[in-house]
Amino acid sequence: MSGNTFGTLFAVTNFGESHGPAIGCVIDGCPPGMDLAESDIQPDLDRRRPGTSRHVTQRQEADQVEILSGVHEGKTTGTPIALLIRNTDQRSKDYSDIAQVFRPGHADYTYLQKYGLRDPRGGGRASARLTAPMVAAGAVAKKWLREQYGTQFRGCMQQLGEIVIPFESWDHVPHNPFFAPIADVAHLESYMDALRKAGDSCGARVRVMATKVPVGLGEPLFDKLDADIAWAMMGINAVKGVEIGAGFASVTQRGTTHGDSPTPRGFRTNNAGGVLGGISTGQDLEVSIAIKPTSSIASPRETIDLKGESTQVVTKGRHDPCVGIRAAPIAEAMLALVVMDHALRQRAQNADVVSPVRAIPGAIS
Amino acid sequence: MSGNTFGTLFAVTNFGESHGPAIGCVIDGCPPGMDLAESDIQPDLDRRRPGTSRHVTQRQEADQVEILSGVHEGKTTGTPIALLIRNTDQRSKDYSDIAQVFRPGHADYTYLQKYGLRDPRGGGRASARLTAPMVAAGAVAKKWLREQYGTQFRGCMQQLGEIVIPFESWDHVPHNPFFAPIADVAHLESYMDALRKAGDSCGARVRVMATKVPVGLGEPLFDKLDADIAWAMMGINAVKGVEIGAGFASVTQRGTTHGDSPTPRGFRTNNAGGVLGGISTGQDLEVSIAIKPTSSIASPRETIDLKGESTQVVTKGRHDPCVGIRAAPIAEAMLALVVMDHALRQRAQNADVVSPVRAIPGAIS
Amino acid sequence: MSGNTFGTLFAVTNFGESHGPAIGCVIDGCPPGMDLAESDIQPDLDRRRPGTSRHVTQRQEADQVEILSGVHEGKTTGTPIALLIRNTDQRSKDYSDIAQVFRPGHADYTYLQKYGLRDPRGGGRASARLTAPMVAAGAVAKKWLREQYGTQFRGCMQQLGEIVIPFESWDHVPHNPFFAPIADVAHLESYMDALRKAGDSCGARVRVMATKVPVGLGEPLFDKLDADIAWAMMGINAVKGVEIGAGFASVTQRGTTHGDSPTPRGFRTNNAGGVLGGISTGQDLEVSIAIKPTSSIASPRETIDLKGESTQVVTKGRHDPCVGIRAAPIAEAMLALVVMDHALRQRAQNADVVSPVRAIPGAIS
Amino acid sequence: MSGNTFGTLFAVTNFGESHGPAIGCVIDGCPPGMDLAESDIQPDLDRRRPGTSRHVTQRQEADQVEILSGVHEGKTTGTPIALLIRNTDQRSKDYSDIAQVFRPGHADYTYLQKYGLRDPRGGGRASARLTAPMVAAGAVAKKWLREQYGTQFRGCMQQLGEIVIPFESWDHVPHNPFFAPIADVAHLESYMDALRKAGDSCGARVRVMATKVPVGLGEPLFDKLDADIAWAMMGINAVKGVEIGAGFASVTQRGTTHGDSPTPRGFRTNNAGGVLGGISTGQDLEVSIAIKPTSSIASPRETIDLKGESTQVVTKGRHDPCVGIRAAPIAEAMLALVVMDHALRQRAQNADVVSPVRAIPGAIS
C-alpha cells in the first residue's frame, strides 16, 4: 500500500497516469441496492472536465466513465465498483524537453528522488488529472448520502489571486467557468486573460461545504472528521492550506465569541464549521482551502538540470493557469468521500445507539 | 478500529481518559536495536506538562512514563512498546455541574449524540490530556530520526490572540512559558493575566518545523506527506487551520514567485514548506496551525441543558485559558510521528532505489 | 504496524513479553453502552491460567486483569478499552543457559535473524503467555455477541497425541484439566504423566465452535469469514493446521454428499462448517486445529550455538508438556474476536439490507 | 473496505464478476525499476486458464491481460499497476433457472442474505474466475522475489478424490492437465471421466511450496507468516483446510521428533514447513490445502427455492468437476503475494538489522 487508497470502509483505490492508456478507480464497500448508472457519475465529471473554457487547459478529454463491475441490473451489489476512464488526448511530445530539468514548484524532482525514475508525460501520476476518478467516486458517495440523509455538497471560488469574491448566491456557480458565486465575472475573465498573456499563473481560495450532515460522524481521537477532511483537502494537487469553520480567524477570537451557543432553535453561529471534538454537530460542514499557483508556466525560470547544473525552464504543453478554477467539484468529491466513509464507520460501531437528547437543529439564520 | 491508532507502519494506539486511572499508548513497528529508556521520553513530557506556570491549567500531574514492554536490556526489540502514565490529580467533583449542560464549543454534545453516553470528568476522552501519550511516542520517533538522519523538530508560538510574535531565535523558546521565540515576554504575561481575570480565553498560532528531513518521504496520491501532516495537526485538540509552507499566502502569489527555484547551491526559497507533489524535498518542513480559544471558560454563556431547554453555563474546574500555549511540543511530536511513519514506508517500497540525480542542498540563506 | 493488532473494526492491539513488567491489550471499536467490569473478563482468564494442574506449566500467575480506560460508571463508552495484566512470577534465571543456543522447533533463531536481538526470558514475545490478553479481549467480544445475538463459543480437546477423544458432552469440558468432552480422563492423565516423566511433549487436536452466529458475516473475496478464522487460528502459538467444517475429509467427498442441502426445516448437514463463499450461513461455525508438541522439553536434542557450532540443548524452566491442553479457551477467544469484527463490518456496509428470503434454520439434528 | 484488498504493503485490490464486462486488479506498492510487460504475466494466466482440457470447465476465455498503469518504458514506476482482463465468453442464459433456487454448498444463499440481492450469472463475484487477477498479481510478485532473492514457487496435486498421488518429480507437473507430479496420469483421466459421466464432482489436496525464502519474514504475533498463508489459502474458493509443514500429522508427533534440529550443515528436517514463531526460517515453505468438491453439479439435489419451499436443483452451465485441478497456479500466486508483502514489511521495520549469527543453510537432503 503506497497511499493510493482513500478511506477505510468506503475505500477508493485510484490508478493511472496522465498520459497512460487509462485512469480509474475501484470503490470497495459501497452499500448494496442503490440504483447506479454511468449517468449518475458523468455530470460531476463534466463539471471537472478540461477544455471547457479558455481559462483552463485546452486538453480535450471526454472523460467518459465506464462501470466495469459491482452493478447488476442497475443496482449496486455490494461488491467492488470499478470505474474506467480512457485517456484519449495525450500529446506526450509536448513533454520531451522538460524531462531533463526540474520545474520549480513541481514534483519532477521529488518523484525522481523517491522512485529513481519518473513518467514525465503530463506530470505522470502527479497530474491533477488523477482527481477525475475521485470526482467519479465522489458522485457515488454523494448519491448515497443524498438518498440516505439528504446531504448536499457545494463548492465555489472565494478568491482568485488578489480578487476576493463576495458570496452572492449558490445559483450563480454553475453559470460561469470559475465556479464563482456571483452574477458578473467579467473582471475575473480579464484577470485571467492578462495572466495568460503574461505567461504566469495565480492561486485561489475555494470554499466547500455540506448541508444535512448527520450528527455523530467522526472518530474522536485521530480520525476526527475535521482531521480526515484536512487530509483529503491537502491531498488535492496544489493545496497548501485548509481551514475548518472560523479557521485562522479563530486565533484572534475570544472563547466568549468563538463557542457556538446551542439554543432550542439551533446553534447561534457556526465557528466550529460543523465539527466539535472531531465529531459532526449536524451543522453545515464549512471548509476553505488555499490553492497555490500552477507550477507549469510559460515564463522562463531559474532551475537545474539532471546533472545539477544551472539552466532555465519554460513549460509549454497545455496547463491550467489557475488550477483552482476547476477545484470546486474536486473538493466537493473529496468532502463527500470523507463523509461517506464516516457514515459507514459510525454505524459499524454505533448502529444501536439511541441518544438520550434531541438533535439540535442547524444554525439559526 | 475507531480512529485511536496513528500511523501505518510506526503505529501508535492511544488509550485513556482525563480522569480515568491511566493514559498511555502502544507503539507498534519501532525498529529494533535502538537504545531507549524512560529518560529519553520524560523531557518532552515535562515540556508539555500542566501546572508549570500560572498561564496554564493548575492541575498537577507528574506525567511519569513507564515502559511496559518492547525494551530489553535498554534496547528496543522490535516488539510493541507500551507506555503508561498514571493519572494522579483527578478532581472529578469539579465536573458534576456541567454534566447536565453543553458547553458551547466543546465536544459534550457530539459525544453524547455519537455514543449515547459520555464520561464528563475532565472532558473524558476529548481532553487535551490525551496528547501526553502522543508526546511520549513522538519522543521515540524523534530519537530514531535524529540518530538515523539528524532530523530535528522545533515548535514555537507565532501569535497569541491579537499579538503577533516576531521570530527572533529558537534559543528563546525554552526560556519562557509561551514557547515564544522572543527574549521579552512581559506583554504576553500581562495579556494572559487580563484574559484570565476576564474569565475568557484566546486562540493562538503555532509554528512547527523539521530540519534534515530525508528527500523522498510521502506517498504521492493520498497519503501525501503534507496531507498526513494536515491530518495530524487538525487532529490536535482545538486546531481549526493548517498551512504548509506559504499556506494561504500562496493564494495571492504568482507562479513566477511561488515556485522555489533549485540551484546548484540549494533551493532559493521554501514556499513549498518542504513538500512537492506530496513528497519531501529535503528542505525544512514548515507548518503553521491555528488554535481556537479554549471552550471551557469561567464566563457565563448561553446554552441548553439535556432536556433541550435554554440555560447558562459557567465552567469552573481547571483549564488552560489558551490551549495553544502548550501546543508546541504536541505539534512537534505529531510532526515527528508523521515523518517517522513515512521514513519506514519509504524504505519498504524503495529501499533499493538509487536516484540518478544528486540531492539538492537545503534552502540558500 | 508490525502485526500486533488483531481485527479491522473491533481492533485489539496486544503488547508485552513473558517476563516483562506487564502484558495487555487495547481494544478499539467496542460499541458503547455495554455493561462491563473486570468480573466479566476474569473467568475466561482463569480458564486459560497456568499452574492449575500438574499437566501444565507450574508458573503461578494470578492473571488479574485491570481495566484502565473505556469504561465509565460500569458501561463501555465507545473509546479504547485498555486491559492490563501484571506479570508476577518471572524466574528469568531459568533461561540464562538457553540464550546461547537455538531450541529446535522454537522461535529463538528466527527472532534473532529478524531483529538482530531477542528477549530470551520465557520466550519473550514468542511466549504463549501473550494469548492471555487475547482471552481477555475475547471475553469482551463474547459478551457483546451473546447479548446481541445469543452467540455462544465452546472449545474442547479432540485428540491428545495418539489418543482420539470421542465427543460425549460439552458438560464434561469444565470438569477436567484437559477440556475433554468426556467423563473419565484417567487415561489422559496417565498419558501425560508418562510423557512428563520421559521429558517429552505431544501434540493435540482441538475443536472450537460457535452457535447462533448471524447469517451474512464475512467479506466474500479475501476477508472471508473462514479465511479470517484460519488466520486467527494459525496465529495461535504452535498451531500447524486448520480445518473448517469437513476440512481435509472433503478431499474424498463427492459433490453429491458434501453440499449441505437446505430444507424448510434447516440444513441437512454441516460440511461447510457454517461458511459458504466466505459468508456465514447461520449454522454452527465448526473449526478444528492441529497443535504441535511443545518445543521446550527436558530431553537433550541436537542443535547449534550462536557461533553455529554443534551442541546439545536441554530446556529446563517451566513449560507445558502439551500446549494444546490450555488451547480451548484461547481458540474460543480468537474465534469470538473474528466473529465480533465481522459483525461490525457487516452492519457498516449492510445495515439497511432486508433480505428477500427467510433465514434457514440451523442444522437438522 | 469490504475485503477486496489483499496485502498490507504490496496491496492487490480485486474487482469484477464472472459475467460482467471485465475483471482485474490494482497492485499498489510494487517497488519501482523492475522490468515488467504483459508477457511476464500471461504465462501464469495461461496455466490457470479454463477450457484447456476436457477435465475442466469448457468456458473459453483467452484471459489476455492489459497493463493500464504503473509501467513506463517497460519499467515499474512505483505507482499503482492496474491489470485488466476482459470477459469474452459469458453465457448468462445458462444461469436463469438457478436464480430461483439455492445450490447446496454454494454461496447463492449467503450472498442473498448478506446483500439482499445477487448477481447469479456464473456465480457473480463468488466465481473462482476471480482468482485470475490474483494469478496475474502473483506473477508480478514472483518476478520481483525471483530477481531479488531467487525465490521460486511451485504447486502440484497430491490427491484427487480418493487417489493419493505420490511425489515423483516437479518435472512432470507441466506435462499433464492435473498438475500431478507423476509421469502417467491415465488413472486420473479415467477417474475424472467417470465422475463427469456420473454428474458428480470430487475434492482434491494440493501442495504449494517456495524455495529460497529469505529468513526473517513474518510478524510474530498476529500477521505471522504462516497465519497470513492460512488466510490466503482459505480465501481461495472451495478450500476447507490448510496445513503448514507437518500440519495435522504434528498432533501425533513427539517434541523430540517434531523439532527440526539445526546443524552447521542445515536443518535435519522441515516439520515446521519453513516457519517458526510466525517467522520464516529460510527453509522451504511447505503448505498443503484441502479443496472441497465443486458445488455446481449436474446431479439433482434437494434444496429450497426463494420462497423457502422444497425443490430440487440441477446445475447445467459449464463447471469444473474438480476445482482443485486448476488450483496449483492459484495457490502459488497467493503464496507469492504473502511472501512479497512480508518482504516489504520486513525491510520497513528491519532494513538496518545485522544479525549476530549466520543464516542456517536449507534442509539437509
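Think of it as A, B, C and D in the order they're written, each chain with its own count starting at 1.
One rule holds in what follows: contacts are C-beta pairs under 8 Å (C-beta built on N, C-alpha and C of every residue); 3 or more make two chains touch, one makes a residue touch a chain.
What you see is a predicted model; the values in this text were computed from it and never measured.
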item: Which of B-D and C-D has more C-beta contact pairs; value: C-D
item: Remotest chain, subunit D as reference, centres from CA atoms; value: B
item: For subunit A paired with subunit D, centre-to-centre distance based on mean C-alpha positions, whole Å; value: 39
item: Whole-Å gap separating subunit C and subunit D, where each centre is the average of the chain's CA atoms; value: 26
item: Distance from the mean Cα position of subunit D to that of subunit B, given in whole angstrom; value: 45
item: Two or more partner chains touched - positions in subunit B; value: 1-5, 8-9, 14, 29, 32-33, 78-79, 114-117, 125, 220, 345, 349-350, 353
item: Subunit B-facing residues of subunit D, complex; value: 9, 29-33, 78-79, 220, 344-345, 347-353
item: Subunit D to subunit C touching residues, read off their complex; value: 1-6, 8, 14, 102-107, 109-117, 125-126, 130, 159, 161-162, 200-205, 215-216, 218-224, 226-235, 237, 240-256, 258-264, 268, 271-273, 275-282, 290-295, 297, 299, 301-304, 306-310, 345-346, 349-350, 353-360
item: Of subunit D, residues touching subunit A in the complex; value: 1-5, 7-9, 11, 13-17, 20-24, 26, 28-29, 32-33, 66, 68-70, 72, 75, 77-82, 84, 114-119, 121, 124-125
